[in-house]
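I have a structure here, written as C-alpha cells, and I will follow up with some questions on it.
We just call them A, B and C in the order they show up, numbering each chain from 1.
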C-alpha cells in the first residue's frame, strides 16, 4: 500500500477541486459503507447520495453539484473514473523489474529493453524484440521474430506465434493464443488442402486481451486489433479481421474471417459475427446475437439473425404467445368460414 | 488393476447386500455385454433386465426388487452410482507421490504438505501453500501467495493467479485459468481506464473444473465456486460471481459479472447469463438459452430470452409454421374485408 | 523462399497444362493486383477475369476455358487449390529438424523417430512414442503413454493426456487440450460422484485442430476424430463422440457426449449439438444453431432448435413482424365478432 496523500495532491492527480480540508491525508480507497477515517470513498450512483452524510470516510469524491454534508470532498466530473484511478494509485503495487531470470529460455538474437522481467519457464524465440518494462510470466511462449513494445505484460502460458507485433501498454492474460493459423482450406477431392497462413497479428497500443482467447494470424496480411480495444476471455477473432479502436468485445464472442469492425463497437457476450462483413462505428450488439450482414454505424441490434434491438424486444415478447396466436388464427378461420357460408346461404 | 475382492467386501464398500455366494471373488467391472466370469457388471437401466439372465459376468449389481436369475448379486439403491464406485475401486490407479521433482520451479517461502508430486516444468510462486497429496502437472503455473488444500490435482498448463484459494479435493484440468483479471473499465474520454481487479477467486471443496475454462478474480472481494460444483470445459465465470453448491455448469456456458447462483443449479451447454442477477436453487436452464433477469428457485427455463421450458417448446413448435401463419392472417384479412363489404352493401 | 520454378515444373506439380512459355520461371505467388513479372497469380473468381489482361504477373493459373489474353498460363481444374499449393511450394519454409533440445523434458522409455524437433520446455511423459519428423513446441505437455505418428506438429502449451493416440500428419495448435476427463458424474445424495474416465482420444490422420480447443477422453472406449477432419479454435468435443472423416467444425462449436457425426459434416460457428445423437453424412448446420435430435444425411438445417435451413430463413423473416401480426389478429378478432353480431342481429 502506498503512503498517504493529501486531498490537494489527489485533486491534482484526478483533475478535480477540493472542498474542505486540502491538507487532509488519506491512505486508501473504499466503498461508502466500508471506508474509515483514513480512507477516501466516492459517490458514483446518485441513489446513494444520502450515504455521504453517514459514511465514516475521511473524504468523498463527488460529482459536481452533489451535497457534501460538510465532508471533505474532491469534486470531479466522473467519480467512477476517479475511483478506478485512486484504486490504481493506492492499491496496485508496481512489481520491481527482475531482469531475465534463471530458467527463462532466450533464443538467439533476442533484443531486450530496460527493466524487463522474464520469469523462469518463459520462452523467447530467436530474434524476439522486447521493449522497456515488459513482464513475461512463466510458461508464456513467444515464437521467433515477435516484436513487443514497452510496458507489455504477457501472463502465464500465453502463446504468441512467429512474427506477430504487440504494441505498447498491451496486457495479454493467461492461456491466450495470438497468431495461430487461420482456419482456411481448399477442397481437394474428398478432403481439404491447407491454405498456408502467412500473415501475422498486429495488436495496437493499450489493448487488453483476457484469458484463453484466440486471435488467428492472417492468411497473407495482418489480423489487426485496434488501439485501446478491450477483449474478454474465450473470444475468437478469425484470420484477416480488422478490429477498430476502443471496441469492447465481451467473453465468448466469435468473429469470423475478414470481418472489419469500426471504432467503439460493443459486442456483448456470446455474439457471433459472420465473415467478410463491415460493422460500422459505435455499433452495439446484444448478447448471444448473430450478425449475418453488414451493420451501419450507430446501430443497436439483437437477435439471431439480428435486427433493431427495440424491435427485437417487441418480437421476443410475442414469442411466448405464439401457441395462443396460432389457436386464435385457427379459430378465426373457422369463424370466417362460417360467416362466409351464412352470407352465401343468406 | 487392483487384486480381487469378494462380494462381501464389495457389498460393504457399496453399502449393499449380497444375494448368492458372498465369497465369490471378482477382479474388475464391465458392461452386461462384455463382462466375464471374473468381473462384476451392473443393471442401471430396467430395459436391459433380461440381460441379467444371459450375461457371462461373475456377479451383478442390481437395484432392489430386480430378478437375479440365480446370479450372484449385490443389491444397492443406486446401481449406476455403484458402477462408478467399482470403476474407481478396480480401475483408477493412485499415482505414488514423487515429491518435488527436478525441474519444478519453486519460489521463496513455499510451504508443501506430505506426499505431494510437483512435476518438472511446474511453477510455484513465492509464498504458495500446498496441502497433502497435491499433484501439480508440468507447465501448471501457480502465482505467488496461492493457497491449495489437500488432495488437489492441477493438470498441465493450468494457471492460478496470485492470492487465489483452492479447497480440498479440487481438480483443475489442463489450460484452465483461475483468477485472471475481471473485465472492468471506466470510460475515460474516447477510451477506457482499467479498474484494478484486486480481489481473488475462492474454489471450495470437492469442485472439479474442466479444461480451458476461465474464472476471473473479483474486483474487490472474491469470485466463489461453491462446494461440490462441477464445471465443464471452456466455461466463462466473470468477476464477482458467487456460484452455489453442487451446481452443474456444462461446456461453453458464460456467466456475467456479479451474478449469484443458488445450490443445485444446472446450466446446460452454451447458456449465457447476464450480470448482477440472482438465480435461485435447483434452477435448470436449457442448452443455448440466454438469461436476462432473475430466476426463481425451482424454475426450468429455455430460450433467448428464456421463459418456461414447456412453454418454450410449444412456442418453438410454432416457429417453423410462421410463414404459413402470416399467409393465413393475410388471407383472413382479405376475407373479412370482403365480408364487411358484402354486409355494408347488403 | 524457394528458388524459381519453370511453368513446366509447376504444371507437373499442379497436374495442369501450360499455355505459353513452358520455360518461364517464377519465384513466388501473389494476387492479380499485386503480382509482379517474377510471380505467378491465379484466377479463382470469374468476376475478376478482366484482370488477367491487365495484371503485371509473369504467369496466371486459369480454369479451363478462361481467356488467357496472351499471358503465360497454367490451366488447372481448381485454381484456388492450385493457389494454396503454390503458396505452400514457394512460401512455406520447412523447419530443419533440431533433435531433442536441451531443456526438453523427456520421461523414461520414450521412443523417438527420425528428424524430430522437441523444443526446450516441452514435456514427453514416460513411454511416449514419437514418429518421424515430429515437432513439439515449447510448453507442450504430452502425458505418459501417448503415441504420436509421423509429421505431427504440436504447438506451444498444447496438452495431450495419457494414452491418447495421434495419427500421421496431424497439427494441434497452441493451448489445445486433448484427452481431459469427460464430464461425467453420478448423483450421490446431495452431491456428485465422479465417474472415472478411463478411455482415450484417437485423432486419425490428416486432422488439424485449432487453438484452445478441448477434446475429452471417453469414459471407457475412445473419443474419435476421423481422418481429414478440420477443427477450429475453442471447440468442445465431449467424451465418447465419434466424428467422421473430412468434417469441418468451426470455432466455438460444442458437441455433447456420445454423439456421432458422419463424414463431410459441416458445423458452422457456435453450433451446439446435444448428446447421444447421430448426425448423417454431408450434413450442414448453420451458425449458432442448436441440434436437439438426429439429423439425416444430406440435411441443411438452422435454428434453435434447428429445422430446414430454407424454412428457417422464411420463419426468421417473419420474426420482426410478429408484433404487427399479433395486432392484426387482435383487430381481426374484433372485426369478426362485429360481423358475427351484425349477422346475428340481421
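Points to keep in mind about this one:
The definition used in the following text is that a residue touches a chain if its C-beta (ideal position, glycine included) is under 8 Å from a C-beta of that chain, and two chains touch if they have at least 3 such contacts.
Since the structure is predicted, the reported quantities are computational estimates derived from the model, not experimental observations.
Residue numbering at the chain A/chain C interface overlaps only partly, since under half of the positions present are found in both copies. To fit its Cα atoms onto chain C, chain B must turn through 120 degrees, a value rounded to the nearest 5. Centre-to-centre, using mean CA coordinates, chain A is 27 Å away from chain C. Contact with two or more other chains is made by residues 121, 139, 157, 175, 212, 234, 252, 270, 304, 319, 321-322, 325, 329, 332, 336, 339, 343, 346 of chain B.
Across the complex, chain B is touched by residues 105, 121, 123, 139, 141, 143, 157, 159, 161, 175-177, 180-181, 183, 185-188, 190-196, 198, 212-214, 216, 220, 234, 236, 238, 252, 254, 256, 270, 272, 274, 290, 303-305, 307-308, 311-312, 314-315, 317-319, 321-322, 325, 328-329, 332, 335-336, 339, 342-343, 346 of chain C. Contact residues of chain C toward chain A in the complex are 31, 78, 80-81, 83-85, 87-88, 91-92, 103, 119-121, 137-139, 155-157, 171, 173-175, 206, 208, 210-212, 228, 230, 232-234, 245-246, 248, 250-252, 269-270, 287-288, 304, 316, 319-323, 325-326, 329, 332-333, 336, 339-340, 343.
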